[in-house]
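In what comes next, chain A is part of two complexes: it sits with chain B in the first one and with chain C in the second one.
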Partner chain A sequence: MITSFLLKSLDRSIVVVVAILLGLAIAIPALNLLTAPDHPLHVPTFLVSLFGKYLTYALLALALDLVWGFCGILSLGHAAFFALGGYAMGMYLMRQIGARGSYGNPLLPDFMVFLNWKELPWFWQGFDMFWFAALMVVLVPGLLAFVFGWFAFRSRVNGVYLSIITQAMTYALLLAFFRNDMGFGGNNGLTDFKDILGFNIQADGTRAALFAASALTLALCLVLTTAIVRSKYGKVLVAVRDAESRTRFLGYRVEHIKLFAFTVSAMMAGIAGALYVPQVGIINPGEFEPGNSIEVVIWTAVGGRGTLIGPIVGAILVNGGKSIFTAAFPEFWLFALGGLFVFVTLFLPKGVVGTASAYLARRKAHRRAADAENARDNLVAEPMAAE
Partner chain B sequence: MNQTISQTKPKSLLYLDGVSVSFDGFKALNSLSFVIEPGELRAIIGPNGAGKTTMMDIITGKTRPDEGQVFFKGDIDLTKRDEAEIASLGIGRKFQKPTVFESHTIWDNLELALNRSRGVFPTLFYRLTAGDKARIEEILSTVRLSARRDDLAANLSHGQKQWLEIGMLLAQEPELLLVDEPVAGMTDAETAETAILLKEIARTRSVVVVEHDMGFIRELGVKVTCLAEGAVLAEGSIDFVSSDAKVIENYLGR
Partner chain C sequence: MYRILQTLLITLCLLVSAHVTGLRAADDLGALISALGTAKLAELDDRIAALAKSGDPRVIPVLEALGEGNLYARKADGGVFLTTEKGTNLVLVDPLDGADIGEVPKGELQKIKVNNAVRRAVRSALGGLTLFSADAEARLKAAQSMRQTPNAGALEAIETALAAEKDAAVRKTLDEARAVTLLVSDRPDDDKRAAIKALAEGGGREALGVLTSALSSADASLKPDIEAALQRIEQAQAFWNAGQNVWYGLSLGSVLLLAAIGLAITFGVMGIINMAHGEMVMLGAYTTFLVQDVIRGSYPALFDWSLAIALPLAFLVTGIVGLAIERSVIRFLYGRPLETLLATWGISLILQQSVRSIFGPTNREVGNPSWMAGAFELGGLTITWNRLWIIVFALAVFAALLFLLKRTSMGLRMRAVTQNRHMASSMGIRTPWVDALTFALGSGIAGMAGVALSQIDNVSPNLGQGYIIDSFMVVVFGGVGNLWGTLVGAFSLGILNKFLEPYAGAVLGKILVLVLIILFIQKKPRGLFALKGRAVEA
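Take a look at the complex of A and B:
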């Protein structure tokens, strides 16, 4: 059952993207670790981490595409799920520091010692174990999405109203995480990580492994989301997007359909956040900024919503552009981003990937029509030749 | 009248008694009562604002009545259930404006409508069986869309969309079909075809048709209920109803 479910996702373009991701997962670490620093093909470690960060953004955009592109739920709070996954990973990394912190407390992270806390809060228990933290990375965002979605979809909050309350959700979390007594390091967040699973987090090998893990996870999630949208459930998702009440009158429980996609999407966003934090070395409340969630929407729109590959391309293009732009003309980046969004909305409503695949499909149809015409001409020509 | 209506309740398919609903003080339905027998094809006419669409909203769970009873198959209280539940009980609805899933193919539209388990996980792991395939083929030929099965529903003509929607309702296998203005915007030829189609469908289930087109209703040749101001004005054959003085004054005369 599961295999046939996954096999459905294997169409050509998805296979190509998965192959590219797997290739990158091997090639980039290899070029970083096995070549000498002065070799022309050498990839410096900072670039490995930068590309790794792009891949986690791509995963976040992919997660958003599942709900926005296929179910029409414009979530403007997806960065919140990303940040929650990041915090769960950050808590694990904080506990790994142990007695190596500036205060040398074997149990309490530095910021708790600084705040004069005497013991570890209950919600920090268990995060010294990787498996527990990994579980929380998916469970916490998933649970928040489930509870939030349960109320929102049951009360049939739709369209712009839903977008606004997702913004409110991420803003509320931003304010909460800024508070010192929340127990998540206040506005400094969690940082100064030392190691992950016993490996030095700054080491080239660890960085390369984190990059490979990001590429593999992205490939896996791409296969999974493709399988979801190609299944009958995926068709129901699109049906809900296009004609919600029709779907309801066919007997589908629209709120359950939406809730499943929203929860799965939030879990993927959480995983993306968990892969992001060790590569950038910090997680702070700034990740909950409402603007961050809106940026994810821009990546997805630029790449092409509802295409699955599009958001991956869009996230990498826009963030690559951001890295180059902010280095060259730092003051113009926000104008460029805004301009890009306006341009894409007006001229490429299907995004880069959507426009390209529509063009290819049109060319194919043209060629087929031309072939058919030639075949007919030949048929007409032959009897004439016989006479 | 209420006396006779409550006697018919146990063996009726659909039973409405004293249903009233108002929106912002406007009484859309005013103690509406009528009964549909199993296997019946019924036409409902009435001027704009007579409450025809509101009546359908109440039967399908979109609107809750302020008072009155709505029972399906004698003892299922429809006023306590929502749209999805009522749909899975076996009541299908066709909207006034054809609503099909435009970015899906004709085939997928029917596959989605097919009366199968509709939960998240059954749909996630659903596989098209030979039986389901045959059923979809059958419906495709009933609604005369076999040749266009792989086209997107968005590319159908208005009349074809109406038929596709009727096909989707058939796939749902309802016991009661509510059809809101099925021939609005259709050509005369399409209208005649639709009348044949509906009569065919009504052989195996009950159908309620709301329609303005008197010619079409004459073509159906069935019992007619005329609504006005949220209540039943007259009920009977088309000739009986159209000769009723109140109906002429309220509807036909204008």
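Take a look at the complex of A and C:
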């Protein structure tokens, strides 16, 4: 029944994107592992990781789109959920290093030995088990979002105010994680990872597998969000976005509806962060920078807010552009990014995908109208011919 | 004839005796110095004390050389010389007249050995000697070092110096040094009690430290006195600490107010989430840098006026930039606050990168004019002039802005447009121009804030980013659309921050403040002073 529900709710473009993602999940690792390094179609390992990083960004943008595009909550703190998921994964990876750190301590990560800590803090317990870390990747951001959203939505903190307090949240976390006493590696964060699930994290095979995992997760989350958005709940979500007071007066518990979307979105952001860390090889407090969260917003805006494919396209486009520009003209990148912000808000309020689909829809309608016109003409013409 | 002979004889005698006494003095010092060469390690202390007692300035280089291990005795005749190393030879200098005696191989000389105890004795003897230096700065330093490490032997020297001292600051330090030294000496207990009392009255961290260390070694009879004095100082310190915290809080609050006040206009009054606000502050700071650069190059005499010149220029520059931003971007986005956030964030990136490309990514040097440098003491508070001026300036800007908004026709129009655009437009107000000018005003004020903040912060392309989040917090906390709210918000956040800092540390204090603001907004979603009425929902 669930499958039929899912199938029903997917429209063609989503199916296409999911198919592309699944195809990439097979093709890129295959091209990386099975072709010779000098083969024209060979994908070098660094590119596999780079593309994998884009996909995790795309997942983050998708998560933001669920709350911003469909519920009207502009969260300026989504990078915080991303980073929290990343830290949970980072802690697992740190525990996997074991006695191979520079200080050779079998239990404590290097930075704790360096700070003269004698035993593992309580919140590091259990992170040596993957299932526990994976659970925390979802639970920690989810719980933070739940508590934060519970208070914020219940007291009807809206619009700009909500945006600003989410920014304050990520800023507070940034400051907190910079502290050495917090027990998360302070300034340097967590790095020098060795293994994931027993596989060498630097190995080509692991990288390819991580890429495939990112693509699959993104596809899964895309299907999930589509299901959410197309469901009855999704309709109410959009209603909250467009006319919050009216929805409340119709008898819906607006705060519960928002809270659900916000929490799910934070969990997705956490998963994105957890996939990001092993591919990039480091997580540090810089990920909490308020600027990062705002950048996520621009990916979503460029791709098209309120469309589910848009954020994926936007994240890949902007980050691809960033990789190319920062290498070719490092001075120019911030100008380009800044200009992009202004251009998109002024001229592309629906984003690339939104504008394109609107254009297609218009052309379709136009063609249909033209067809109808033709048909009527024919109808009119035939009797004339018959005469 | 006889008389002449007599006179001659007397003159001769006088001359000879004068010569002899001169020789005696030189001989004394010479003997004292030579005595260093023959002394055993245990005797050196006494010999150093004897040298220091002479009060002769020529002793200073000798003692310094001794402390550094550059004092040698000649094996042949026991003469003592200052030396400097030159290859395997030593260059000898006479300790009395500083005459260069020449190079001698090392083997002919014997180094006068010193240990740490001797070095300490040398240091305190030198401290005592510099107490009589002609330079007030040197005397102050000597007095401070004697206060830091009291040495009973130096008490007499301190008292002699105190009797001769004229400089008030040096006298005060000497007084404290004397009291401290008295405590470790073998003077009668009554004197010590008086000294404890004097120290308690003077207060200060040094007195606290000295009394605490004296407490452990003092006689049982003195202990209650010392404890009472300690308590007294601690109370006074707690009081002044609270005062200092309030002062720091006011200072931080004024900085927050300056940074936020322009935002109170663009965000609070106009509803634009102006993320480029921080960059306006930065542009103001760079204007100050440029003005000072020109002044340094061409009119150095005007340097003290540089800020006065920079203020209107910064207002103008950032005002024009603001005007351009409003006309080219923001006017298309009214009523869509979240979109203004994105667009202005983009603008802020562009402005940052422009400044980085033009001026380079590193900090630029902006100097303090002389009237802003330095500090003065007010009771137990240390108040720096630049902080004081910034508080005054912030309040002045606030007052001027309030006057502009509440008492001028331009302000009336601004308020009319922000409260009810359509009605204002129907009354014949040109709303687009009022919008543009309001935004320019907010930006201009941010630029003036930049002039002030350039005095206490690093002028770099990232200057503005540090202020943007705090500014938003202040405006939201105080209540959007209310200037008084911004004032109260800025100062209460500033003081709260500084009172949390001693207990929680600077970073944790800041985190706590952020968490408190987040919780506060749950309670009062519209800030401290919320606007009432229909305008709220619009």
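The working rule: the second predicted complex is superposed on the first by the 381 of 387 C-alpha atoms of A that agree within 3 Å, B and C clash if a C-alpha of one lies under 4 Å from a C-alpha of the other, contacts with A are read in each partner's own complex, and residues count from 1 in each chain.
The criterion applied here is as follows: a residue touches a chain if its C-beta (ideal position, glycine included) is under 8 Å from a C-beta of that chain, and two chains touch if they have at least 3 such contacts.
The structure presented is a predicted model; accordingly, all values stated were derived computationally and were not measured.
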| item | value |
| --- | --- |
| First (chain B), second (chain C), both or neither touched by A:Leu197 | neither |
| Partner chain(s) touched by A:Gly251 [first = chain B, second = chain C, both, neither] | first |
| Dominant contact partner of chain A by residue count, chain C or chain B | C |
| Which of chain B and chain C A:Val16 touches, first, second, both or neither | neither |
| Contacts of A:Val297 with chain B and chain C, given as first, second, both or neither | second |
| Partner chain in contact with A:Asp242 - chain B first, chain C second, else both or neither | first |
| Touched partner set for A:Ala361, first chain B, second chain C, both or neither | neither |
| First, second, both or neither for A:Val342, with chain B first and chain C second | second |
| Chain B contact footprint on chain A (complex, rising order) | 1, 4-5, 228, 231-233, 235-236, 238-239, 242-243, 245-254, 256-257, 260 |
| Of all residues in chain C, those that touch chain A in their complex | 271, 273, 275, 329, 332-333, 337-343, 345-350, 352-354, 356-357, 465, 469, 472-473, 476, 507-508, 510-511, 514-515, 517-519, 521-523, 525-526 |
| Partner chain A, residues of chain B touching it in the complex | 60, 62, 83-84, 87-88, 92-93, 95, 99-104, 108, 111-113, 115, 118-120, 123-127, 168, 172 |
| In the complex with chain C, residue positions of chain A that touch it | 74, 148, 151-152, 154-161, 163-165, 167-169, 171-172, 175-176, 178-179, 290-291, 294, 297-298, 301, 331, 334-335, 337-342, 344-346, 349 |
